[in-house]
Each structure stands twice: as structure tokens, then as C-alpha cells.
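What follows is a structure written as C-alpha cells; I'll ask about it next.
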Amino acid sequence: MNTVEAIDADELRDLYRELILDHARKPRHFGKLESATHAAQGINPLCGDKLHLYLQLENDVIRDASFEGSGCAISVASASLLTDTVIGMKTDDAIHWFDQVTDRLTNESANSDFDIGKLQALEGVREFPSRVKCATLAWHALHSAIEQRSTPASTE
Amino acid sequence: MNTVEAIDADELRDLYRELILDHARKPRHFGKLESATHAAQGINPLCGDKLHLYLQLENDVIRDASFEGSGCAISVASASLLTDTVIGMKTDDAIHWFDQVTDRLTNESANSDFDIGKLQALEGVREFPSRVKCATLAWHALHSAIEQRSTPASTE
Amino acid sequence: MSQVQPFTTNALLDVSGDFPVLDQEVHGRPLVYLDSAASAQQPAAVIDTVAAYHRNDHANVHRGVHTLSERATEAYEGARDKIQAFINANSRREIVLTSGTTESINLVAQSYCRPQLKPGNKVLITQLEHHSNFVPWQLVCEQTGADLLIAPIDRRGQLDLERLQELMTEDVFLLAVGHVSNALGTVNPIQDIVGWAKQRDIKVLVDGAQGVPHMAIDVADIGCDFYAFSGHKMFGPTGTGVLYGREALLDDMPPWQGGGDMILEVRLDGTVFNDLPYKFEAGTPNISGVIGLGAAIDYLNAIGMDRIAAHEHVLLEYMMGKLSDVDGVRLIGTAESKTSVQSFMLGDIHPHDLGTILDHQGVAIRTGHHCAMPVMDFFEIPGTARASLAIYNSSDDVDRLIAAVEKARHIFA
Amino acid sequence: MSQVQPFTTNALLDVSGDFPVLDQEVHGRPLVYLDSAASAQQPAAVIDTVAAYHRNDHANVHRGVHTLSERATEAYEGARDKIQAFINANSRREIVLTSGTTESINLVAQSYCRPQLKPGNKVLITQLEHHSNFVPWQLVCEQTGADLLIAPIDRRGQLDLERLQELMTEDVFLLAVGHVSNALGTVNPIQDIVGWAKQRDIKVLVDGAQGVPHMAIDVADIGCDFYAFSGHKMFGPTGTGVLYGREALLDDMPPWQGGGDMILEVRLDGTVFNDLPYKFEAGTPNISGVIGLGAAIDYLNAIGMDRIAAHEHVLLEYMMGKLSDVDGVRLIGTAESKTSVQSFMLGDIHPHDLGTILDHQGVAIRTGHHCAMPVMDFFEIPGTARASLAIYNSSDDVDRLIAAVEKARHIFA
């Protein structure tokens, strides 16, 4: 695949990094989680992205996580990376990650002391204001699921 | 009274002719008509002119007419001139006058074959689009009264 | 449809120079604007009319005796007359000025339907409708206990006309149907539909948001009871819209919103409402917007709606042919009768990603559900990429679109 | 009040050069615009912002991935942020964009009150209100069987505050009260009024149409539940308005109008509404208008609302003094606390005639009932002549007004 060569703009290349395209094509932890104790829906009214996030919590630890739904490459890759990241994490830490990640994806001058690991691959969205919502959607759903809110999360 | 001298613009002088000011100050046939068989209200939402027109009809002839209410100099003078004019007239003729007068007051190129008599004094309103409604209000009320409409006439 | 029609170039207009916004680069490439179905651009004539109004004539309308107010009123009411003539309404009393199609439809739902609908009554809409011709009916049905019926569509994105007629039973109070689908471009046989409804004494509201910009509209000919449309889709200002309504119906309707201008008299114990159309125009209207809409109509009239329709017809055929020649493209919306809009999918690339990649090549399309989720549900897709055409587009624009789609295909190959 | 205050000229602004419309002659005399309470003029900064938006950036907002749509969305939502800061709301979610004060008030009447009001409940308003803060309550009371109570005023045009408090019984659901009277200029002690209402658990809507243009507004400080105002009264575009609402209340309210943008999901069998504030913004908004309103706020902020208030205070005192020195003039509205507006009568000359004669001397005032018939009823007059001031007026304007009134007196002597 000649992805990188075919894109002439640096910004586009920054958005559709290999890692993103890979997770978009082969999302990890995709499907309904039968053992889920918590769940939330995320809707992006902009483009119709819609995903369900499932969490299996035990004593405030995320034992397992998965997601289903449909979305653009960015939102699917983001959800896939999210599940990869939060499994095994304490809910408090996951909320801290939520804060850090959403800050880093929206805010040019965000503090980068905290290492968001693979999720750095999503930072390209900062140049694409309308795509930031795609990248943060799953994280908002995570937040809702942990807080067990009943209304769908949205990125508006 | 130095009316004419005090007004420096021809148009203003044309609007507030002696005859108009006279009828505005001393309106004829002012008051409620106890013998009225027909009546209508005219409202000009622009400035709050509001008048009641009363007609005493007998065999399609206007035996008597009067009006009450409050309004600007133009609308009061117009109502006063109207009552002066239509008393003794057949209703069909009054409707014809309605057509002729409203045409003459609104339409620069109106046919002037029909002699509207004293009502010519009102023609100055043509230069004052927002005042045309004042001049025609009583005539609309006349029309309503003859047709016995139940909703107030308005000049909108 | 997959065969490209021979190019009848003399049918094409060349007016893009009238639209200042089109003369710019986006991401280093000349802008190609293919999103007019969402909102159309304004010719300089409209922009300048609005600015000149504010530089010379602005004041509140209707209630002033001074010169500016007279000028403003004349310009504002003059625009109403232009609208009346443009859609061939019988009377200026039938032209209610609103903030857009959405408000026009809500007005009818709330003022005409809500007081009359009873449990067991039905409101009939179709699966093609824009949310603005969908949700107001859901809301009023919920409020009144009436039932909402939804006429189905077929795989080409056309109304199933037989089913539609079957659904027109005598307990249907009103049919609300789009003239042209904003998601698919389908042109409904509106005269036939209105005819069937009239036979059954069903009132008809036509959502004309996508009709007015693309063809000559004659409401007398169509025969509908209400026709709703927006200024910003027809090269006029945002925040303006029209509700055409038959005078007899409007006359009997209670006002919707209360406020200044819609009353003759306010007393502590009650209120006398103003005449049509003012009864439905509460508060200070969008004066400069409506004057700008008048200028847009002047502009369209100067070109001629028939020439505009011909131009767009040729371009749409060209675009459909070219698009369907691209490997992996699947056209969504292939009705027999269409105008100005083509939705499509490219392989399994999400439309949103496609939109971003096209934008990076200067090509502006819309992606997503186009406020027509029921249509997306029918096709079982989350959304589409949609290219929509207007008077200022050219065959070059289509060629740029095709090249950009090819590149996207390459990236996600 | 009949004594003219010493002239503190350094309190006066001199910004009329920013307003192109003011630089013209009417009937051969330089225009004096004293009708800003009806609609204010726009500074070039606003006119140019709107035109530049259409020349460079226009597209529909919220739903687009392409560059113009991103720019339009950013500008539109940026204006919302400016509004939030301007009135010191807690959150942008509390700023609902409407077509004007009238729509803002109707929204609250229909969406907040209508579902909750029951026969026996009461809505409390005052005799000072503009029709737009009067008729919506008449309508919703009729629809629900609730009672409408009207708090009286006194001969100076002030609310009878004792009576008002007496009327605030526990069956009052909502109090709707103006901040500043458009007919008389009375500034109500809004913080006290809201405080009394809060003690009795009565919700309060403030009609701020005439407040926002003239003083710094802090909704947190005022403590009201809703605050409504219009763009065109504050030097912004027509067709724009704001409803500030406390988030907790807005959250619980059902949407009012249905359509695009106010939903998250539309299904054949129901609909999920969008978050605040979008739940209340159905359809394509007045994009360019709102962006223009943002520019108007920038303009006001650059001058400073406190300086504006000081300027208008000095001018109003001057105008009141000069007017009451004219033989035969009777001031209508002489409240202790006033801003920017003076209504008056001249002998028994009908205000309408006075308006025409002033216009012929280039002086634009408003005449009539000012959409406040209940106020006129109270004073038993059909209407008034009203001169209203704004940032661009000067003491020269007042002098021209006085000379014109003198001439009218002469004509009708």
C-alpha cells in the first residue's frame, strides 16, 4: 500500500498515519462484550458516527472493554486504541487519561508531560477541527460509561 | 394662523392644507349615531388611529353617517370629509366613491375623470407613503360597514 | 444513467464570476464548491444589496413615519411582492416570511395541525424527508395523539407511489412531502401526488427547500396548500424563509407566535390579531435578509429558471456518468427524475474520510446523513458523500471532483 | 428632571463617524436618527464583517468537513462565545440563538410554560411590557387555562413595586418583566424584583431587548432564569436574537421546533434530541447574522458599556430638560431611573402628525403606541412621539430635535 506516497499534503499524512489506518481496518476488541457491567453510546451528529462502548468493571478496575458501531477511520481507530489502552486500568486512571487525551487532541498548547503512548498517533486531528470530534468520541463514551450516564454522549 | 408661511416645504404645505387642518380641528358628524343600522371599526396599527364609523341605511341609501375615535389630523379630516360626502348617497355609489378615492390617494397615475370634490384636498398624502393609510382608513371602514364585516378593517 | 450524455455546451451557464467566494484557493487549490444543497453562495448583487441597505436605509419597518422607515418598509414589502410573483401565488397575503423552511414547517404543524388533530387522525410523510419535514410531525403527533405514517421508498430512492396512494386514507389529515430530496436528488411527481391527495380531501404541505433553487415553481399549478422554502438555499441570506399558504387556510389558522406586528390591538383582557400575512410575523423581521432575498430573486429572474434547470440537468448527467465510471463508486439515489444532487459511496471508505481528503484538494462536498437519517437507514449506510450542483458549477468542477475521488481511492487502496 | 444638568462633555462619545447611514441628508437636512429603540444602526465594522463572511467563508455550519464549513462553524460558534462572555453566562450551553427577543420569549412560553401550566396557575407580567412580552403569555394562558396577572404602573411610568410583590403569590409560576421599557425608558430595579420572586420560588424571564444596548448586563448578577434580547437593537443584524436560560431549566425543557441540527438521531419511531443549546436551534441558523452580532459585541466591548451608559445618561438628562422647556410639551415617562428613551406629547397634536413634520426636517423619531398599547391605555393616549438615544447621538441631535418640535408647534398653533 502506497499510502504515504499518495498523499501529497503533510497534514493529510499526519492524519492518516499507518497506525490509524491499521486500527481502522482491523479494529481491536470489536464486538459486543457479553460480560459488560457498564456501557455507553457515543454519537457524532456531524457525520453519523455511532458507537457503543462496553466495559467490564470489577472493583473499579477495567477488566475488559470492547466497542461496536460504525464510524470513520479516525473514530474507529480511536476507539480501537482506547480499548487497547484502558484494559487493566483503574477507572480513576482512565478518567485521568480521558482528560489528558481530550486535552492533547484539542489543544495545541496542551501540556505533554503525560505520555499518552500510541494515542499520539491521533494528534494529527488538531489540524482538522471538524475531525477532532471523531477522535474524542470514544473517550467521551468511556467517560459516560464509567459515570453510567443514561443519555448518549455526544461531542457537541 | 400662519400655517402656510410656517411650512417651508411645498410637500408639507400640500399635506396640511387649510381644509384638512380645519376638518381635523372641527370634525363634522363626530360622535356616535344612535340611529345607526350599520357600523364598522377601522384600525391603523401603524400609529394607533382607531375610529368607529356609523351608518344609517334605508333602502340602500345612506340616510346619516357619523364617526368617533381618535386619530391624526389626516385620518380625522378624512373621516370628516367622508361623512360630509356620503350622506344621502346610495350604497352602490358610496362603494364606487371608495374605489375612486382610494385609487386617487394611492396611485400617482389614477384616472382623474371622476370628480372627488373636496376630497382632492387629501391628494397630498401620495407624497407620504406612510400617511396614505391614515387617509384611506375611514374609507375602508365605510366599505366594511356597508358589507357588514365583523372583523375590524385595517389598512395593512 | 451510466452513459455520459453528449455535451450540449450552449445549455451551460457561466456565472461563477458573479460569486466572489468562489474566487479563492483552499489548501492551495482553487475552490470547487459542491455543497450548494447545504447552503448556496451569494452573488455580489445580494451581498451588496444587504450592505447598501444598512449603509443607506435601515430602520424598523411598518411602524415608522420617518423616511428611513418608509424606505425600509418599501424594500421589505417589495421583496414580498417579488416572492409572490416568483412562485406565482395569488396574493401577497399568502406569503408569510419566516426564518427558514424549518420554521415554515413548524408553523404549519403547530398552528394548522395541532389545534385540529385528534387521536386516530393521521399525518402522512415519506421516508425521503429531511429531518425538518420529519421531526415537526413527530412532535405534533405526540402532542395530539395522532399517528404518523411513513410512505416507503425503493432502491433507486423513489417514492413507492402505489403504497403512497394506499396510505392516503380518509383519516389522513395532512400529507407533508418534499419536492426534491436533499440527500438523493429525487424529484417527486408533485403534481400527481397533490392531485391524489386532493381527491381524498387531504391537505398537502410541500417542502420545497430543494425545489425552488433549481426549477421554476408555480404553486398554483402544483395545487398544494402549503409550500415551504429557505432563502439561503436560493442564493439569498441565512435566517430567511417563506411559507406560502392558501389564503383560506391561513385565514382560519390561529397565530403561532405572539408579539409586535402580529396584532392590531392588545388589551389587558385580549387581543385582536392583524391581517394576513402579518398575523404570522411576530416581532421585528429579518429585514435586511428579506431584502437580500428579493435581490436573489432578481438575480435568478435575470438568468431565467428554465436556463438554470437546463444547465443543472446537463451537469448532473455528466457528473453521474463520470462518477459511476470510477472504480468502487456506488451511486446512492438513481431515480428516474433527479436534479442537482448525487450521493455516493467509495468502496468501504467512510464518507467522512472521503470528505476530508477531497477538501484537501480544494473540493468541498458534504458527507454524513444530510439530515435524512431515515434515508440512510433504508440504504443501511451511516451516511454518504454528496456532491451538489448549482448555477455556478461547471464541467471543470466535476472533473476536479472525479480526480479527487480517484486520489482518495488510491490512498485507501 | 426639568433642570438641565451641567454638561460634562468628557463623558460624551463621538462615534457617529463609525455609522455610514448617519452620513446622509433627509429632505435636504442632515439626518438626525432618534429611533434606535425601534432598531439601531450598524457600524461599518458589522456591515463589513457580514459582507466579508459572504465573500470569503460562507457555508452551512455544524455538519460539514470542508474548509468553508469549518470556518463558518468557527465564526458562528465564536459569536456564541462572545455573547456568553458579554452577558456573563456560566456556559455557552445557556446561549440559545433565536431570530429575536420575540422568538426567545415565545420559546419560553411554549416550551417551558405550556407543558407545565395548569388551570389556576398564574403568569405575572406588568403593564409596562412590550407586546412581545405580553401576547405570548396571553396565548399560553389561553392554551392552558392559567390566569394572566398584570402588575400596575404609576403616573411616572414606574412599576408599583408593592403591588407587584403582593401579586407574587405562590400560585404564580413565572414572572415575565422587562428590564427597560421601550415606550417610557423606565429602568426597573431588576435585581430586587428577581430577589423577591426567588424568595417565593417564582421563575423569572427578563425581556432585555432595551437593556442590553444601554448598560453592562450580568445575568449571573441579575439572577434571572431567562433573559431575552435582540441583535438589531444592539447594532447587530436583524433576524438575530438570544435566549439566555439557566442550564438546569433548559435541560429539562422539551424542544420547541423540530428540524435539522436539533436532533442526534431520527428514527422512524422516535427521535433523540441534541445537547444544549442545539436542542433549541432547529434548522439552518442565521449564520451571517450571528457572526455580525459577534462583530457588534466586539464593537461595544471596544468602547465599553460603562462609557456608553454614561454618554447616554448625560444626553438623556439634556434631552429631557430641553424638551420640557418647550411650550406645550408633556413628557410621558418620568421615572426615577431611566435610560435612553423619552416619550412626549405636544399640545393636542397627534403624534403621527408630529412625526411627519419632524421627518421633513430630517429628524427621525417614532410615533404611535410603540407596541405597548397597555401603556398607552394607562395614560389614555393613542400614542406618543418618542425620541430614543444611542451611542452615536450627540447634543446637536437633541438641539435639532428641539428646533423641529418648535416648528411643529408653530404650524399647528
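Every chain is named by a letter (A, B, C and D) in the order it is written, and numbering of its residues begins at 1.
As a working rule, a contact is a pair of C-beta atoms (placed from the backbone, for glycine too) under 8 Å apart; a residue touches a chain by one contact, two chains touch by 3 or more.
As the structure is a computational prediction, the values presented were derived from the model and not from experiment.
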B-C or B-D, whichever has more C-beta pairs in contact
B-D
Of all chains present, which has the mean Cα position farthest from that of chain C?
B
So what's the Cα centroid distance for chain C and chain D, whole Å?
32
Between chain D and chain A, distance of the C-alpha-averaged centres to the nearest whole Å:
45
CA centroids of chain B and chain D: separation to the nearest Å works out as 36
Where does chain B touch two or more other chains at once, residue-wise?
46-47, 50, 130-131
By the touch definition above, chain C meets two or more other chains at residues 27, 63-65, 69, 261, 263, 265, 352, 355-356, 367-368, 373
In the complex, chain B touches chain C at residues 43, 45-47, 50, 129-131, 152, 154, 156
Once bound in the complex, which stretches of chain A touch chain C?
1-3, 6-7, 9, 11-12, 15-16, 21, 46-50, 70-74, 76, 128, 130-131, 134
Residue ranges of chain D touching chain A (in the complex, touch as defined):
62-65, 69-70, 73-74, 261, 263-265, 272, 274-275, 278
For the complex, give me every residue of chain D touching chain C.
20-21, 24, 26-27, 31, 33, 35, 38-39, 41-42, 46-48, 50-51, 54-60, 63-69, 99-103, 105-106, 109, 127, 130-132, 134-139, 150, 230, 232, 237-240, 255, 257-263, 265-268, 270-271, 282-289, 352, 355-356, 358-359, 363-368, 370-371, 373-374, 377
Spell out the part of chain D that touches chain B in their complex, as residue ranges.
27, 349-353, 355-357, 360, 367-369, 373, 376, 382-383, 407, 410-413
